[in-house]
């Protein structure tokens, strides 16, 4: 399991990214911004984590092309079945132009290249716009 | 073909709705608001119309459960492949709660029951928010 | 009870408005748009209706100065305790400028004079922007 | 002066439109929606009206090509100098694609053909989104 | 007075937070982002500062439970009486779910735990969305 | 030419700012956020760069008063002629209040003083809100 130790006092963001260089950029950007990134090695394991620990993860950051059978579009759809307002940020190069037809509502696509600040702003906005619940 | 004669001076809205009662409500609401509704009898025919007459239709209003093999979610995805900002309004009863996972970005779901004014406002807002192009 | 017969196939909007002229304008505007207005004679009775029939009313349209002890600001706050995303539209003349300090988040203030279409657009937008649930 | 008698209890919308057919459409759409359209025959006269009766007009609806020296882009700029949040809706055929470079912020462009409901929704939204003031 | 020396070239943000740990997080996040945080020890003193130095503070960041008689909800209401568009960010754990009924319009609630970047993004967005005035 | 070496893997932001102190603040803020700032010494040269290398620059950050004949308002208008959705952020002290009449639609004005985080959030939001294209 590539999942970091989870900190109760920090929002945990589930990240699925196969490319090691991009994964490091995402991991560093989120950590520097005060989030706790939790890396999932495949879409299938990400869905298992989301199902098993409801409420633990506050947002999903996912690449589109993943090493298992499930791509990022499908992971986001399944995440939204558990939580209809779950924040979703996609990262992609070649697949960015498919977002208007394959993305979920109220999600954000970051086409590569993107600056780390764009990722942090995207995740922050999606979290800040949720109606807080008891 | 259930498609009305198309008026050059009025925005044409493609409508896919099997239920005759709802179809009449939608048809009347759009016509009274000054739009030209064009009824497509199935998702497959709607996609054929969108492919064959690019730029003719300004928005899609679709039910989810349709009589062919293609449901409303799939029609919207194909419409967005032709035009990434194509306005989409879904109408549904039982399937409304699937919108967060199956809808396309920047679309609107009208859960039944809805007032005709909600449909007109939804279509108008999606059209008004597009960046005009040459 | 000033409440109309409720129609299962039309969204019901709870309206609190003491001024007979404005009440007629609001009632006519909502009915013509395809909503079912349900008139409550005071804020206290509106809160009782909202508590007693959860899910029945889809939005609140309220004046600020009401004949009971409870004003429109307080009715909206109580409505939001039952449903954190309950659509709220305020109508007011003299009190409109208090909205930034006394209104609830994601509500709309219609300062008098307003056109009936503004009311219909306000209610429609608030309904259309809700995430549909099962 | 082509200006209608102004009604104190109805929001007055200043309209500049040379084409008689479109002017009739706009006039009818706004009146049916409960607004009071006030027709100005040229951009110059519109600016004179806005300067002379501050607070009288609640929004501007303007074509781009006008019969005087001043076009619709310039009228909107001058209207915004008097009131930085003045609601502006442009109507145009050939000039619609110039909106991203020549329009003012927070305005709406309605490319022809448009449905009357789009105009009413545009004006209503701009009015409803203003922060009410004393 | 717990108020820092104010810098003319930096936007000053008024902060009310009793919990020392959270206060340090907020103070550091805002300073690192280029804001000047000014700490007020109670809601009463915050209101006195806002009244006494109009235009000095650009935004309010407040906890809900405060040590004086005035809670964060009330401070925000009073801040909005001076300036109807004053940016307000609430921070809270237990009270976050009261935001839909007790918050002011166009404010942001950050439920704990939150990342420092969420606070910075919230304050930046509220400031960036204001219409600039002379 | 004051233009930095351009990095293929980082979004390049075109910056026009005569004041050396502000230019350093902007340059540092964008670089720290992961963008590549490219400084243009005048509006005329900025327009030449935008024309000559379409797609190279992702956003414009510009002061209003510039040393050539072309001011920041005009540069933004010309940038939008090439790309109708080109992200534009203005920075200004004295001219900020002219934004409602002279700015382009969907742009952001940062009145001085502003925090570096406001600039980064403004640029990030404009980039994140674009519909990705092939």
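Going in written order, the chains are labelled A, B, C, D, E and F, and every chain counts its residues from 1.
Everything below uses one rule, namely that contacts are C-beta pairs under 8 Å (C-beta built on N, C-alpha and C of every residue); 3 or more make two chains touch, one makes a residue touch a chain.
Every value quoted in this text rests on a predicted model; they were computed, and no experiment measured them.
Asks: Which chains, if any, touch chain B and chain D both?
Replies: Where chain B and chain D share a partner, that partner set is C, F.
Asks: Can you list every chain that touches chain C and also touches chain E?
Replies: Touching chain C as well as chain E, we find A, D.
Asks: If you list every residue number at the chain B and chain C contact, are more than half found on both copies (same) or fewer than half (different)?
Replies: different
Asks: Comparing each of B-C, D-E or C-E with B-D, which pair has over half of its contact pairs in common by residue number?
Replies: B-C
Asks: Could you give the separation in Å between the centres of chain A and chain F, each centre being the mean of its C-alpha atoms?
Replies: Distance between chain centres: 29 Å.
Asks: Per the centroid of Cα atoms for each chain, what is the distance between chain A and chain B, given in Å?
Replies: Going by mean C-alpha positions, chain A sits 31 Å from chain B.
Asks: What whole-Å value do you get for the distance between chain A and chain C if each is reduced to the mean of its CA atoms?
Replies: Taking the average C-alpha coordinate of chain A and of chain C, the gap between them is 38 Å.
Asks: Which residue numbers or ranges of chain A touch two or more of the other chains?
Replies: 84-85, 97, 99-100, 120-121, 125, 131-133
Asks: Every pair of chains that touch: which are they?
Replies: Result of the pairwise touch check is A-B, A-C, A-E, A-F, B-C, B-D, B-F, C-D, C-E, D-E, D-F, E-F.
Asks: In their shared complex, at which residues does chain E touch chain D?
Replies: 84-85, 131-133
Asks: What does chain D use to touch chain B in their complex?
Replies: On the chain D side, the touching residues are 29, 96-97, 99-100, 108-118, 120-122, 125.
Asks: With touch defined as at the start, can you tell me which chain C residues reach chain B in the complex?
Replies: 8-11, 33-35, 120-121, 123-125, 127-128, 131-134
Asks: Could you pull out which chain B residues touch chain A in their complex?
Replies: 76-78, 80-81, 84-85, 97, 99-107
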